């Protein structure tokens, strides 16, 4: 009935204040590209175009709020005539119809934050039928770039999991017992962040034992409840890897009320980079946060504009992930979303 | 005559109750067999055991010479036993025709239901039983009497070897009863075995060949109807001495009450679209006013309107000279007007609640202080009325759904009486009640009237209305035809008033 | 006429006993299992954790039990929790009391809306409250502007973490509310009328009961209790999270009520059973997490246990619907 | 029945269509992009999956029951179709029907023979089916794709006379549904069981078997809808179907079916589904409503539509009650 929030994204350089735009990973710029001719679309000036943005989940968590805001702000900055926005409320079928509805309403270019890597085919077909360029953000589609869509902007979730594992291994001195708070079951992000973490940990610190993997459904209260249970059953736990900040913040509450001192007795690492979590790094309660920058607006519109003016764009624009640790958190907390 | 259905040593227990123990029953082809007994004697239970609604704890069943045990009503029906269970048991939202043919609807050559044929056959069937209704109407828009006839028609229309009728006449008028008996005669002539349950003894002697008497779940007698004098039958049912019964009369009404002067209830100009047209009823304290009429005459509607349960287009109700807000049951109750609904099952009892709660239900506010129910006051009032109405229940905590029909009715009466009413509106108060209980209820009504209550009485049994009432308001199609008073309150006058309108049909 | 059977047959007796006490038996079995197989189970801290976690579900379930007693259902409770949670931080500036009061009033208003749709307009409860389930969470997010707010107010946080006589305040609160609702059902006119209306609405109306008023009050109580649960959950989370708080609580609450032996067909309310039902479901969740079962297995095990618990308690008349 | 009663009855039964027509009219006037053929095609295909689920739900609700498991079963059906297609298209089609039918059978047996409350039984299978789905997809992490060329996939993606094949399947199923409900003993018995289960049993209708079959049907239809949706998107996505049961129930009730059972129409359900979908389309036509307000608007709309329905239906009932 109700939907769970989850967040994903790519990190990048940031400017103070409201935070910075994303920066593409250097070195990735020599991948395959896509241009108008290959894709079969027409040249178009964005300022005067109708652009559609399909959001996947309710703007009810920092990541989604920041993502939608960033797109809207940039659309205004670029001078897009009409920005249509829809929200699929975590329902795949709704996202398909949302995209079809926007195409039908005259959208000339689309920015899509896919709910799932698979299953959007009918929507992509509809765009294809009218040769409307589609840029996907934050989650990669299992589809043919430059054919089903133009290009993808976002980060590598497996990589995020790996980096979290590296931080955790470092925090624990390569030895200890770790619990994972999983995201929603069946979500690609959950799968990637879990696999990245587990595989990397097995490789770099085989003595770190993963003693529990339970879903906290990307929500703070669930994270707290699950943590409370785990900590009762396994009081000798040393580390918690939360697949998003919300669950990590919930876990902190649980740890504290169980008499543990987070940051000393138990090390917590999570992925996201919301301001609340980065502040906890500053406070020393969390060991590290792998950032995911949701501010896709500038990069998305820039990519779109480049493409629509006839020049080639990268098919895969992987964003460089930032890391918040003790060293930089205090300086960077202002940039967190 | 061959035995079609023979039950031997049937026993059935419910938690805390032995409903049947060691009961035998034999039905022969072409006989009408009466099954009698007090309320709660186990008649309905026996029928349900025979037809697969309940599984017996003991005993065997032989049907057409073979040992059988029906697991479901469906099996019994498929084997040729068709039953009208006590209380109308049809589907209210469905049309009359659907109800008649449910489960064996006529189909066309594609295997699809043939509604035209169904409606035509239903109309014809009901017509042949003297029931003229629009068969496409939802059943619930019809009165209880018509519903009961539809149920009987449904049962009689199948090619059955056994037809079981559990109190089919409780909502029927004499005229409908005649129709029903014609149907039964036809069944008998066709060699069908009929099991017939009724509390109306006259009917039994009119139609039945043999009789089986139950008391407290046990068999007390089985034999030819004609060999059993009426008084003996009653004595056997009640388990009392013959002389004791002899001393008591037919109905317990004593007639003529000393009525007060100013009417306690004056309803005038009651009108509701299609149903009531300018009906006036006045009742003085201590007076019993009967409502006469045939099926659908609007008697139930009249009392519902007075009790605030039927929204009115116009008309007013005055109690003790004070005008009542119409359309509100609570307002009527506060003014002292209470109604016993016609449909005990749907509108009366709360089957899952205890006897105590059912009785105290309406009086709860006055049995409580600051919203808290006083258990002591509740118990005392419940106790009083259980004793006064002689309600037979294992304890005040027994579920009302488990009581026999008669006792359920008494529980409802008790509910009304705890409200210390000024006016009692009784819609078929003795329907489905055994002779003993009926006499008690009648005596009670009499007594209440003597105590100064105004009573409006509806009954399908003419002798009850005539003997009980001080005046009779005769209704037809929602209009008052006449008001019989004084010496005019007799059966001949009532029949005359009714005959007058049947001529217009 | 009737004869009291002295010794009911053993078989029937066991079944009858299970029907009335199945939940309690299940709890005992589960506790026994955990005592043997789960590490660190028999600790005060664990007891306290389980009780704290069950508290908000229980509080919602109490209201739900009343609504179900009237032959209704309230799907909106989770969203009402979210609305209460969203309102808290908006008014905490004026102090805890005004904020809490306003949240409770909002819950009551939601209940009144449900009550109006059900009792006055005559919409079937499941759909009437579905509307608020859908719209209510949106409303909560509108109030909160989609944001989660960290709670800084000490008194409110104290509600979440404080202890009294060795048990968390929240647990005492839930227990007190359960006792209150139990008394309400058993000893008040309102409670008896509620059950009667659930048992046979038309008969109750003809008996002059204030059907509309009772229904309305019932939904308001459910709304207020949901708001209480929302406040409790917020205090415990130390943050107001209108997007997540109360998610799927309607199903947990209904499950607790039904597993506790209150029939969905109305006319009967078992408050003690509801408490036990909520505790049982909590124990199941806890057991599954503590043994680190994957989500898939956990969901299937829960399904099986729900069916089993309800099967054991099915009523003799078997009113399936 | 008087003519007024008949008319009232008609409006009650067709109330959802009246409301649908109104909404469509207003939307057509207000939004240029609404009354286009493309948009109509979109609405049709987007409605079809929910419609198939709601069809089964209609029968279950008419019988006085409810089936909360359909959302999970729908998701399971899709996953199974994508899984089964590797063994052949027919397997891909039959596997979801069989497994989802089996879940329906479990519901049916527990409800009809076990005499358990359908709400709680199907709530349990809602969990159970989701658990099964997660178990066969490696906790939801495996998404199987369906070959575009396969005829099973084409069942979801193909078009005929401008309409998607799922739309034609839906139309066909609803036509069958109308006939089954109105013109067969099975449908007639279903109405009777919903009207009064006890009476239906005493009248000798095969209540238990009939009830069980309804749940089997609901399970199979939900599975079929899931399979078609998977074919439509060419992948067995694991995260679909959450909350679908509530949409289906809402559509059925908006369509004029009584949740207490005993009365309802198949056509009304179709109108109910279309109404829900048109509302969503209209919200997208506005195009700038925040997601929070979208929920508020849908909730409010639901309340209004059902209130209007309920008003119409009570006007109908008032005409006849004793």
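Order as written gives the chain letters A, B, C and D; numbering starts at 1 within each chain.
What we mean here is this: a contact is a pair of C-beta atoms (placed from the backbone, for glycine too) under 8 Å apart; a residue touches a chain by one contact, two chains touch by 3 or more.
Note that the structure is a prediction, hence the values are computed from the model and not measured.
Chain centres were defined as the mean of their Cα atoms; on that basis the chain farthest from chain D turns out to be B. The centroid of the Cα atoms in chain B and the matching centroid in chain D are 43 Å apart. Annotation: 72 Å between the Cα-based centres of chain A and chain B.
The mean-CA centres of chain C and chain D are about 29 angstrom from one another, to the nearest whole unit. Residue positions of chain C touching 2 or more other chains, listed in rising order: 75, 133, 137, 141, 146, 251, 294-296. Counting only residues that touch two or more partner chains, chain D has 133-134, 139-140, 246, 290-292, 294-295.
Annotation for chain B: no residues touch 2 or more other chains. Interchain contacts (touch definition given at top) occur between A-C, A-D, B-C, B-D, C-D. Remark: chain A residues 1-2, 4-5, 58-62, 65, 182, 185, 211-215, 219-222, 224-226, 228-230, 232-235, 246, 249-250, 253, 257-258, 276 touch chain C in the complex. For chain D in complex with chain C, the residues that touch the partner chain are 64-66, 110-112, 114-121, 123-128, 130-135, 139-140, 197, 246, 249-250, 253, 258-261, 290-300, 302-303, 306-307, 310-311, 314. Interface residues of chain B facing chain C in the complex, by the touch rule stated above, are 13, 15-18, 38, 40, 216, 307, 309, 329-330, 332-333, 338-339, 341, 346-353, 357, 360-362, 364-365, 368, 371-373, 375, 392-394, 401, 415. Residue ranges of chain C in contact with chain A, taken from their complex: 38-41, 43, 45-46, 49, 52-53, 75, 78, 133, 137, 141, 146-148, 150, 161, 233, 236-239, 241-245, 247-248, 250-251, 285-286, 289-290, 292, 294-296. Within the complex formed with chain D, the chain C residues making contact are 73, 75, 117, 121-124, 126-128, 130-139, 141-142, 146, 251, 254-255, 258-259, 263-265, 294-304, 306-307, 310-311, 314, 318-321.
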